[in-house]
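Listed after this line are the structures, all set down as structure tokens.
In the two complexes below, chain A is the common chain; its partner is chain B in one and chain C in the other.
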Partner chain A sequence: MAHLELQAVSKQFKTGKVLDGVSLEAERGEIICIFGPSGSGKTLLLRLIAGVEQPDEGVILLGGHDVTDNAPETRGVGMAFQNFALFPHMSAFDNVASALTARRTPPDVIRAKVEKVAALLKISHVLQHAPQELSNGQKQRTGLARALVADPKFLLLDDPLRNVDAKLRYEMRLELPALLKASGSTVLYVTQDYKEAMALGDRIAVLLDGVFAQIANPAEVYRQPATLSVARLFGEPTINLIPIEPLASPDALKIGVGGAWLSFPPSYAHAVGKSCVLGLRPESIVVETVNSRESFAVDVVAVTPLNEKTLLLLRTADGREILASEAGTDEAPRRRGPAYARFDPSAVLLFDAASGRRVPPQSA
Partner chain B sequence: MEHTSLAERIFRGVLVALIVVFFLFPIFWIFLMSFQTNEDILRIPPRIFFEPTLSNYSALITGKLVTVSGTLDIAFMKNLWNSVLLSTAAVAIALILGVPAAYAFARYKFRLGEDIAFTLLSFRFAPPLLVLLPLSLYFQQLGLTDTYAGLIWVYQLIALPLILWIVRGYFEDVPPDIEYAYRVAGHSWWRTFIGVAIPLARPGIAAAGLLAFIFCWNNFVFALILASADKQPVTVGALAFVTASGIQYGQIAAAIVLSATPTLALALYAQRYLVEGLSLGALKG
Partner chain C sequence: MSAVSDPALSLNSIDKIYRRRGKPLVHAVKALEMSVNKGEIVALLGSSGCGKTSTLRMIAGFENVTRGDIVLAGRRIDQMPPARRGVAMAFEGYSLYPPLTVRDNIAFALKSARMASKDVEKSVAEVSRLVEIDGILDRYPSSISGGQQQRASLARALVRRADLYLLDEPMGQLEPQLRAVLRGRLKNLLVERGMTSIFVTHDQTEANALADRIAVMEEGVLQQFSTQKELRDKPANLFVATFVGEPPMNVFEATVVNGERVRFAIKNGPTLDYPASEIPQNVRAAIGRRENAVIGARPHAIRLGAGANEARIVSNQWLGDQSHIAMDFAGKLLVAVTHSPIAARAGESVHFGVSAADLHVFDAATTSAVSHGLEAARSPLSPK
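Take a look at the complex of A and B:
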């Protein structure tokens, strides 16, 4: 049985429905990143699980027990709030310790546990400070420490790295997975940063328009996004989307891209005649100076070198602008001007234009 | 540094001096009067220099007022004690009732909630005389006339709305997430109320309590109608100095000095809380 389970949870405010029948199952010790644009209800979802808000409909199960109507203090969850929610009248130490004092832990055990988690999160030197004396990053880590310190079975983290400066964020992104795994907790981790979701999650749950558009492991979300919207949210620069309509021809399928007719894998035969959208990741586009049968003519409009990669803005013969990215090399810098582009047909994504759902290839 | 011309500084100094004289001179004059005999006070033109006497204070403290037409008993010290008792008890009860109510009004939306809160506030709008006549009739029926309990109850009309509305604003200023965080950490509702909500609203509670105390202390008309000399506070007790043989200005002045001293001392001591408490917004976590 799943350790944490949501069954068709809905929540509505005066402004409209925020969550519309959300279901999720998490196994013990699993880290699930809840990813979605701001305002999609990620925070609300955590608040429902913590018991801070009540769902209108649906059931919340923690450890197999229905806790939908239980008070927050009985649920055994640890939560890090987006706005820190530190207690301004207590020192950082007492803030962290508050999760232990409620459980009648002896003082020396409290001290040891707080100091241990503070050392992990690098806030040992500010434990005696009041919250208003802490930097935003320190506040956030204090909130995180408070959530972690009691070894809760369920850990709800609401964008804990949002206010941390860039350098520390990269460090934490490397350290957090081990830290979270060591805690043994089932973790729901809310983030707006797709890289963070990719780096931390065993699975990513993409929350869009009040429902999970996709719940899958990071590679799958990236390589086989369930919908156009999901594809758009992952990857930088964003995926190129080109409306196409595959045609059947005697030897293979053909698609029209940039004024050229290119052959298309026959596994997409079921999409013939439908209006579709072709998804091309910038890194799967190859720009060359020589023409080939799989290429289409482009004009390299702009070149942005970023050292580890180079971004190319291409304009196709029919005036469409697409982005390509190339791994950085020591070769002579790329020139603007006419060139030819091709893509790996096995790496393309095809979406139904009307529903936005991905059209998977069919094995012959 | 802002630059001001000499004329501007002089002008400002004169204005400040005027205001200080306007507000503080009466207090200063009362203080002087309290050390003068009635003859000194009524002399025209008044004199700044006089022979100070403690007779006014001794009369108040011993409770024997000697006039040309004989000796009069005055219950001033009893009145002072009544004021302390009534105001303290009224504010204590108003805090016990008002703080949880303020929290409820701040945190929960319930049916008629705003109406109830507004009704409580409207007690402050109505002139006390409006309710006093029916109230005195009720009190006679209930046997509450001339009792401490009855007065303390009526004083809730003064203290409760004040505390409710000031403290409510403070609770509304505490981000709910701070309380939720405490509950998620495993604390019950009650412990969260005691451990987080009250400490964070403390400046407001202190300020509201202090103001309520001063308002209760200064109340005159409730005790005048609803209690006899035995239970009356200083504000009413001062009437005793209007005697058959004339108005005892010296004793009135001494009585005012004595009765203003506790509230003044309290206000000075709690000034920090008052300023902190009445200027909102120290709570951005």
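Take a look at the complex of A and C:
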């Protein structure tokens, strides 16, 4: 049985429907990243689970119990926010301890628990400081410590790394999974950063236009995105999208890319004659100086190094711009100018042009 | 003066000191010495307050230089008004003219230069397609978004003929889906037309993508001015080593024992140990015996699965095209990056090695680089 479950939850405001029948099941101890652009309803979803907002329709189950109508403080839910929300008149220690004092915990137990979580989050040395004396990173970790210290069964984290600098955000991204797993809580983690979602989530729930476009583990979201929109949100640089219409030819399927006719796997026979969009990740395109049967002519317009990779902006014979990326930066500087590109047909993605849904290959 | 190649732009011993009543002096730029070649694309990279924007504004003429002089295309320009400097610019505080449409804003300088109207039209169309504002040319600045205004301002600068182009965070506000393509187009334009340009950014991805050379600044001081490859392979000091690179270099304090074997005893950790024969004599001499050294290795240079060292895995995160593996080593996080996923779970321990060719050594007191792999470090700002 799922530890946390949403059943067809909807919420509407005067400005329109924000959540339109979302369902989700999280196992005990699982970390689920709620990922989507701003305004997609991610924070609202957390507020509904915490009980500070009421859904119009649908059911929220925590630990197998319907809590839809229960008061927030009875739900066993801990929260941390992107704007820290610390009490300004209390020290960092008291802020963290505030999650426990309300429950009449003995002082020595409180002290021991606060110090333990503070050590994990590397804020032991600033526990006596007031919030205004803390750096943003320390404030963020204090907020997180407050959420973690009470060993909540459910932990809701609303983009907690949003307001910390890039370096600390990166370090926290590396360390958070272990911390969260150690807490044993079932975690919903809201983020707008696809790398953070991939790094932290056991699964990612992609929230788009009020519904989950896909709920799957990071590898599946990246390699088998449910829709074009999901594919565009994961990966840097963004996936290349090329309109195609697969054709049947005597020996194989053919697709027209960049003014050339290339072979396409027979497992896509069901897509023949349909308006489709080919999705090509930049890293699955190979750019060479020699022509081959399965390559198409391109003009290398720009070569831009990108963090241990090299990015090539290509222009095809039919005027389309495509990005290719190669691992490494050490080869002799590639010349701009004419070249040939090919791709691994097993790594391509195909989408239905009208619905945007992925067209999976069919096994023979 | 008979230089082999005349630089397009020279900044000679530039200082910028802000004096504001009732406030302490701010020494924003210190003894800056830089020259930019004709057709070169240069990035000024640093965090906020490092002096990069002050530098750009002094070249543009929006700020006076406190000391030093600026020479552009053979003319000393630091006393000239901005409009006479032969510089095209796109940056904050140099906004679009509100009463003109986007099209007329972009065309303004061309029309003033009496370019034939057919050519003006062609130039405007070309540059506005490049930055994807061709759909809003007839709108007024107040009715377009901040990001579109920024691109219109960029287009207005790029369309001009000038000795130098100054750009402030040129792709700053773009949505990620557009950024990589537009960067490629911009680079193509700058290269194709040989446009000498300097742009300011805090984003090293942008600096790497566009620039031929990158000037890393911190606390008003130019830390290193070189190619991306050199910044990565031969960082001049600890600041550059840990600022440049995503993720940055792993660094550990260590004591060096230099004998038949070269040993780096890591503080609170094990010892990395290399036969002296693996390290050239001049590098060993440069390293010497040091009580207080800092050693470093880039995440991509950490070889996992083999080697004398062992560390416990904290996390193993696959991001689609690369994996980041964080390990607990000598009481700190050690990060390795691989281009393909590896099978290793948090809590397990892994062996790893760093080859002598990938090990950087810094002096802990001065923070300057001592050696990079198998080469001794040389002074970063001296000519080649």
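The criterion applied here is as follows: the second predicted complex is superposed on the first by the 362 of 364 C-alpha atoms of A that agree within 3 Å, B and C clash if a C-alpha of one lies under 4 Å from a C-alpha of the other, contacts with A are read in each partner's own complex, and residues count from 1 in each chain.
As a convention for this text, a contact is a pair of C-beta atoms (placed from the backbone, for glycine too) under 8 Å apart; a residue touches a chain by one contact, two chains touch by 3 or more.
In this text the structure is predicted, and so the values were computed from the model without any measurement.
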Chain C versus chain B, contacts on chain A by residue: C
Which of chain B and chain C A:Ala297 touches, first, second, both or neither: neither
Contacts of A:Lys167 with chain B and chain C, given as first, second, both or neither: second
Chain B versus chain C as contact partner of A:Ala199, first or second or both or neither: second
Which superposed partner A:Arg232 touches (first chain B, second chain C, both, neither): second
First (chain B), second (chain C), both or neither touched by A:Ala130: neither
First, second, both or neither for A:Ala269, with chain B first and chain C second: neither
Contacts of A:Ala150 with chain B and chain C, given as first, second, both or neither: first
Contacts of A:Phe84 with chain B and chain C, given as first, second, both or neither: first
Overlap of the chain B and chain C footprints on chain A, listed as residue numbers: none
Interfacial residue positions of chain C with respect to chain A in the complex: 176-177, 179-181, 183-185, 187-188, 191, 204-205, 208-210, 228-229, 232, 245-248, 300, 314-315, 317-322, 324, 326, 333, 335, 337, 339, 346
In the complex with chain C, residue positions of chain A that touch it: 167, 170-171, 173-175, 177-178, 181, 195, 198-200, 218-219, 222, 232, 234-238, 281, 283, 301-309, 311, 313, 321, 323, 325, 327, 329-330, 336
Residues of chain B touching chain A in the complex: 175, 177-178, 180-189, 191, 196, 199-200, 283-285
Chain A - residues contacting chain B, complex: 47, 50-52, 71-73, 75-79, 81, 83-89, 98-99, 102-103, 131-132, 139, 143, 146, 150
